[in-house]
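Notes for the one structure printed next.
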Amino acid sequence: MQKVAVFPGSFDPFTIGHENIVLRSLDLFDQVIVAIGIHSTKKPLLKIEARVEMVNWVFKSYEQVSADSFKGLTVDYCRKVKATHMLRGIRTSADFEYERAIAQINKKMLPTVESIFLLTSPEHTPINSTIIRDIIRNGGDASQFLPSGIDIKEYL
Amino acid sequence: MQKVAVFPGSFDPFTIGHENIVLRSLDLFDQVIVAIGIHSTKKPLLKIEARVEMVNWVFKSYEQVSADSFKGLTVDYCRKVKATHMLRGIRTSADFEYERAIAQINKKMLPTVESIFLLTSPEHTPINSTIIRDIIRNGGDASQFLPSGIDIKEYL
Amino acid sequence: MQKVAVFPGSFDPFTIGHENIVLRSLDLFDQVIVAIGIHSTKKPLLKIEARVEMVNWVFKSYEQVSADSFKGLTVDYCRKVKATHMLRGIRTSADFEYERAIAQINKKMLPTVESIFLLTSPEHTPINSTIIRDIIRNGGDASQFLPSGIDIKEYL
Amino acid sequence: MQKVAVFPGSFDPFTIGHENIVLRSLDLFDQVIVAIGIHSTKKPLLKIEARVEMVNWVFKSYEQVSADSFKGLTVDYCRKVKATHMLRGIRTSADFEYERAIAQINKKMLPTVESIFLLTSPEHTPINSTIIRDIIRNGGDASQFLPSGIDIKEYL
Amino acid sequence: MQKVAVFPGSFDPFTIGHENIVLRSLDLFDQVIVAIGIHSTKKPLLKIEARVEMVNWVFKSYEQVSADSFKGLTVDYCRKVKATHMLRGIRTSADFEYERAIAQINKKMLPTVESIFLLTSPEHTPINSTIIRDIIRNGGDASQFLPSGIDIKEYL
Amino acid sequence: MQKVAVFPGSFDPFTIGHENIVLRSLDLFDQVIVAIGIHSTKKPLLKIEARVEMVNWVFKSYEQVSADSFKGLTVDYCRKVKATHMLRGIRTSADFEYERAIAQINKKMLPTVESIFLLTSPEHTPINSTIIRDIIRNGGDASQFLPSGIDIKEYL
């Protein structure tokens, strides 16, 4: 059986913490799809296309990893790409409560797909996209929180 | 003394978890009012009237239970209906922190009304209205998370 | 139906926070039994008999309230005294996680008894028996954390 | 070395809990600046100018304390006023997770400024600006949650 | 590369929740070792040998799964059996904080072994070995919380 | 006014995380006393004298910092050394709940001493004495979690 993991999220932007989760999961899966959800309501920092492009650039040397975007429910996207697992990183206990609810509901709706969690590395724990987005919007230098080699201005 | 409990919330939509809380509280109170708060700012899935109608249908065999809507502060509504208690369910420790602040402030503003808490059943813990609303908005089937016999399409 | 609440705990010692929970629950129940569990393993500050005596003294003007001690499972004690409810106070989110597990397991073992929770008042939130016991053992003055009129030395 | 603390926040409105944090920090710092962040996206209850005026009035007898407003990143404001410390109050464990992420990111961006935390007094724990704002918007009396002598109507 | 997961714990006793975690992980690993840690200080309910026997019986039809006991550090045991992953279940946010510290320290001591987490199913969330042990010690019937077919008396 | 901070704890052993908290607090206080509490009940890894010696060695170049041991209540020790503040580090939200209770009780018993909190650096968050003690007891190498230059064997 091919093991296909969907790593769903907004990734606005994709941080060094997200990159770390993907890299640490490569042993477990034949394929990891970074699946960027499209939400019509939120006003994003980066356009969906820019986010897909950025993730593809980060993993350009990894055939196993690809980026995609999707509309609608994550479980429907998982069905479409024949995912066997969902992958998520957990940073804090606040994250945990939210992730648990989502994972348990997803399991009820699509019992064949198991959610797998990695915990972020200590140095990545404070890095979340909301804070990073705020730094970028206010003209701060967020490069230490982004994957190596990323110049966020190219994607804005 | 008549014991009148107000069960305040947005209930957008009213889930199987909410129903369970009401049913488990019936021994304690002479009357339970499911009180649906009107918030002008949030864009709801269901209209207030649809939510009142849905709750009334769910408890159609229970004379003790009724649904109502209200504008403004919950404590003012409690005064109006001569409530003796407020009823709330707690699902997670994230819920808990929020519920505690609200209950303690309400107690300061209306000391005669005591807030009583039930903890959701394990199988209902992941079910919260935000997630269910998201499923329905994306065309998913949320019927297993709603009270038995509810067809959400009739209320949209 | 008579409503009989069991308020189980170690109460070593019974604090002003415990007293407050009992007083705020009196509207809901015909009878409240403060049920002091006997644990052979823990080395207590106060003997079981002293704890029973102390709680009875605190509620000497309340016919509704009585103190008792019990060995074994709380659900077995509830069966014995024909309890309809269990009463518990929650102080913090750490408490919450523990109380939720206990309440859900109790519900599985004795579905007819519902667990009801009150949240401690803000000024009582930091008061837990472990800290108070530590103060007393080290010769500190804990009287502000105990029910009014209690001289702990009489019970040691 | 002059010790200059920036106490950043929205303070919409400044509550009795915020006042308490400032007063308890005065021993530690030569100067405390209550720094009110301007967010273009949120619709506030009080205008920035009214919030600055209100905080200045509260601390009119304290030369050490002043109010200011700022746009952009807190670390940039700290640089501008030559702050040596940031001051924050923590109420709950939900607050804690958020504050930790912010403090750790700020430390990465401006290592010379240390974040110092005080925990709110028990009686102020439930008081947060969101709840107080909701009370005021709905015509409730929030004066017990505001610094003594404040008539919120003068600032609306 | 063979994927070998160590599932470390006390398992005193092994519950239906532990069984569920193992079963849901079988897709990910070639081999899962339930590794029962020997702690000289704690007074267990079940002897180490009884716990190993019980786990082996539960998974008698699964060649992939075996039980073992070990003394000392989990990372040393992982080295010995050439583990590629550690497997853990998380039930609550209190669990989470503890698991995160352990996993991050283990990663520092043995960077080649990645810790993978599954979240317990909602119905298993309240089941922890401490509570189950307490039920059994007090003569209660814990069979609904144990793997199907287990008669705990045979292992005591 | 001299600012004297007591940093109370068991420090069994004193970790790199504790060292970091002390160093980051030096700007705030004229004197920092690492105050090692003696608990007759717990069986320690290191003797009290060894812990005092170790902390004194770590801060041998800092005149501001000293180590001491004490029996009894922390507030009594603070009175004895004329402390103006207590200093504590917080690692996780589980820590937070405990620290909040202790700090609020201490404030009730000794209102003149304010508790000040620093949050541990991300890389030190998983390091707690219980885990480190366990590593050392099992013959593991814990040197990366201890202050630079410490050979724990010299203190055992």
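When the chains are written out, they are named A, B, C, D, E and F in that same order, and each has its own residue count from 1.
The definition used in the following text is that a contact is a pair of C-beta atoms (placed from the backbone, for glycine too) under 8 Å apart; a residue touches a chain by one contact, two chains touch by 3 or more.
Keep in mind that what you see is a predicted model, and the values were worked out from it rather than measured.
Touch-path distance (fewest steps) from chain D to chain E is 2. For chain F, the chain whose average C-alpha position is most distant is B. Each chain gets a centre from the mean of its Cα atoms; for chain B and chain C, those two points are 29 Å apart. The distance from the centre of chain C to the centre of chain E, with each centre set as the mean of the Cα atoms, comes to 34 Å.
One inter-chain figure worth recording: chain A and chain F are separated by 38 Å, centre to centre, where each centre is the mean of the chain's CA atoms.
Between chain B and chain F the centroid-to-centroid distance comes to 46 Å (mean Cα coordinates, whole Å). Within chain B, the positions touching two or more other chains are listed as 92-94, 97, 100, 103-104, 122, 125-126.
Contact between chains, using the touch rule, shows up for A-B, A-D, A-E, A-F, B-C, B-D, B-E, C-D, C-E, C-F, D-F, E-F.
Residues 1, 3, 24, 27-28, 84-85, 90, 93, 96-97, 99-100, 103-104, 107, 114-119, 121-122 of chain E are the ones that touch chain A when the two sit in their complex. Chain A makes touch with chain D in their complex at residues 92-94, 125-128, 131, 134-135, 138-141, 144-145.
If you check the complex, the residues on chain C that touch chain E are 72-73, 75-76, 93-94, 97-98, 100-105, 108-109. Chain B contributes residues 92-94, 122-126 to its touches with chain E in the complex.
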